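Here you go, one structure.
Letters A, B and C mark the chains as written, and numbering starts fresh at 1 in each.
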Amino acid sequence: MLNPQLNRNGELVHLLSIDGLPREVLLKILDTAAPFTEVAEREVKKIPLLRGKSVFNLFFEPSTRTRTTFEIAAKRLSADVINLNVGASSQSKGETLLDTVDNLSAMQADMFVVRHASSGAPYLIAQHLSATGRAHIHVINAGDGRHAHPTQGLLDMYTIRHYKRDFTRLTVAIVGDILHSRVARSQIDALTILGVPEIRMIAPPTLLPAEVGKLGVRVFHDMRLGLRDADVVMMLRLQNERMQGALLPSPQEYFKTYGLTPEKLALARPDAIVMHPGPMNRGVEIDSAVADGPRAVILPQVTFGIAVRMAVMSMLAGA
Amino acid sequence: MLNPQLNRNGELVHLLSIDGLPREVLLKILDTAAPFTEVAEREVKKIPLLRGKSVFNLFFEPSTRTRTTFEIAAKRLSADVINLNVGASSQSKGETLLDTVDNLSAMQADMFVVRHASSGAPYLIAQHLSATGRAHIHVINAGDGRHAHPTQGLLDMYTIRHYKRDFTRLTVAIVGDILHSRVARSQIDALTILGVPEIRMIAPPTLLPAEVGKLGVRVFHDMRLGLRDADVVMMLRLQNERMQGALLPSPQEYFKTYGLTPEKLALARPDAIVMHPGPMNRGVEIDSAVADGPRAVILPQVTFGIAVRMAVMSMLAGA
Amino acid sequence: MLNPQLNRNGELVHLLSIDGLPREVLLKILDTAAPFTEVAEREVKKIPLLRGKSVFNLFFEPSTRTRTTFEIAAKRLSADVINLNVGASSQSKGETLLDTVDNLSAMQADMFVVRHASSGAPYLIAQHLSATGRAHIHVINAGDGRHAHPTQGLLDMYTIRHYKRDFTRLTVAIVGDILHSRVARSQIDALTILGVPEIRMIAPPTLLPAEVGKLGVRVFHDMRLGLRDADVVMMLRLQNERMQGALLPSPQEYFKTYGLTPEKLALARPDAIVMHPGPMNRGVEIDSAVADGPRAVILPQVTFGIAVRMAVMSMLAGA
């Protein structure tokens, strides 16, 4: 089967998942993003690359934060942006996902940014558009179930490259609720494709996926061992709903074992960077002294995230 | 009484209802819409006709789908669009409808797109604007109670003309919950004004309005008889809330009697088109084989709907 | 301590409160607003002063009405506007206020318009931006707790100046729930700074702040005495939640004693103007005959409000 994300010329036409993207495409996205970080520094933060295009933020699962990053990125490219919080409307009227997509496509959409609670929903949409002769409409996955969150993975790679330059000499530790995290999945895919030699997962057994053995990563249940000599520490958000469940004893207990404190961070390399996709639970997965400390690059991640989304959107529109 | 929708020169100043509009005005809207379907095909889908104008989407009843069509249309005309979901705010603070309108008018609104659960609310607003010396602000009815949904009626006419050219030789069948449907009311008005010689209503007695005898239409309770030799089949949405009521036995039963299947559609003319205002209840009022089949023009309806709304907005702004 | 609202050159960098602003700055805002009232009269109501700037409407407390005025003002200045209803998202995910602000700042925000239920929240944000090297991001207080609503105070001053020219000869009466009103606080600050010689407060003892003696105003419990020879009557909204509490007997009783009727208004000067910040409770704090009568300038207040907000935004962006 052909990769549905690329056209015959190998150009990106949808961004559904990092998995399956060639290394060159990943690097091209990062390279394209670089000048967009400068646009944001200008007096007039606007370029006309998507002028007259209609971008639909199609959020079947609410997320003000992620929706905002895409809205900003699209507006800085001069697109018309339409926000659709679909849970609240058509879906409750019993319309199917694909009828909603057909309907919006018929309004001459140019791009769908899709967040959905079900893994694979953006794939289904991209496939459906192809099958119905509307392959010129581009789909960006903004998070689907536990599957993928590719723009988050890409902005993380941009951040790592910005601070560490060479992926092929790094030790990267991912810490936290890997089992439920689409962010972790996209990170592992990207790190692997970009040639990071040592990827570590630090988590309690209950928060690791069953197929962890196949991922080509090293697993640590002891955070102190896992952080040793790491160049990059990628913290994950512990979602509130996990905290009450049977998977974890208590937020306090979790913090004691898997929370990132200055003392634990001291085990990593002295120039290690600390990342977090946000929003943070301070005092649960991360200590404020680390979150606000000199090794944290959590806010630059956000800034790079806008540039990476502008890059993806402009590449899709140009394909 | 003068028609509040037209000024002294016979130009459209508000779109409140199809009822009462001269045939020439209807045709002018359809003619004006035609070039706008081409705008949507361009690389840059934007024209500056409403640049610097403030269009308020004033939705007292939520409807993401309809709001989106107006938002897209206004943005493609370069207007500034403000979405107001009024149920959630001022109205709950006890402000009257007309105080809300006065307030927004004082912000130098140029156009109100109004959806309201009460029939006549857009009329009341237009009257109030006139009576208070602000007749330069235009009102578009985006659906009021069971009364009217004129842009839906207009886009349906655009669709029929696109496929059938001449209104004066057609047999058109409207099928479903006519009693509760503002869409049906606007369709019947438009078909009558445009000279369609045979308008049929196909519905169970419980879903027909009491005044059906005065509408100049033929009534059928047997769908097979009503579809015979029809050129156009206009399905209506069966709203979920009707399905539980005493008006209908069950969705399954309804589908059996009034759902459009390929077998029933075969009784219409071989080149008959099938329309639906959306969102569809597949398996209730329409079979998926019909909805996705070659006779359905349901998605072109949506596309034409954007062009028709652009036409109405630009005519109002130019009046 | 330096005034956080002004830079070293005495230019406005944040608008947090009227309190503490020099008279010249207030007058400069009013002077700057004047030409913006003309922009709104033009065919194309748009000027490029904020083109390419990102304005975030950061509403931790919902208010469609106030949010709309800022959205309109920013769009007429050509800014990109992002609406964030934060109560519904990040805050419920346990993120702190300052993490939300950091996150949005990292998206290269240029301006935050902040409404918050807690007094002082916009100050906290402005301070935090300064302390973290992002003083180039401007904050506008759109209402914080019971503290301040400075743009409302400013538009009220614009309105008074428009109709009365000279502040230094006026008697101004503020009527209603002064205790809970951030609007009243901003009005009193502005009137004092602009040199109004007689400021009166008309309210029942239960709706007056404890520190009323320090405000330099005259207090009246008898509305008839308080209105005598007033040039300006500023009504306050009686919030619904007060009506059920122990503070007031009943809305009917309140109207009898403190509602503005034509008969009571006759005690003020014959050319007195009547103001109200909206939304009005007709028949509670104000009689419809007054609200819709010749002395009311309630709708001009709204119009001037857009111009004043455009003035503030353009002054901040230029500082």
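Details
To be clear about the criterion, contacts are C-beta pairs under 8 Å (C-beta built on N, C-alpha and C of every residue); 3 or more make two chains touch, one makes a residue touch a chain.
What you see is a predicted model, and the numbers here were worked out from it, not measured in a lab.
Counting the residue numbers used at the interface between chain A and chain C, under half appear in both copies, so the two copies meet with largely different residues. The angle of the rotation superposing chain A on chain B, based on CA atoms and rounded to the nearest 5, is 120 degrees. Once the centre of each chain is set as its mean CA position, chain A and chain C turn out to be 41 Å apart. Of all residues in chain B, none touches 2 or more other chains.
Put simply, chain C touches chain B in their complex at residues 40-46, 62-65, 68-69, 71-72, 75-76, 240, 278-282, 299-303, 306. Listed in rising order, the residues of chain C touching chain A in the complex are 51-54, 80, 82, 84-86, 88-90, 93-96, 99-100, 102-108.
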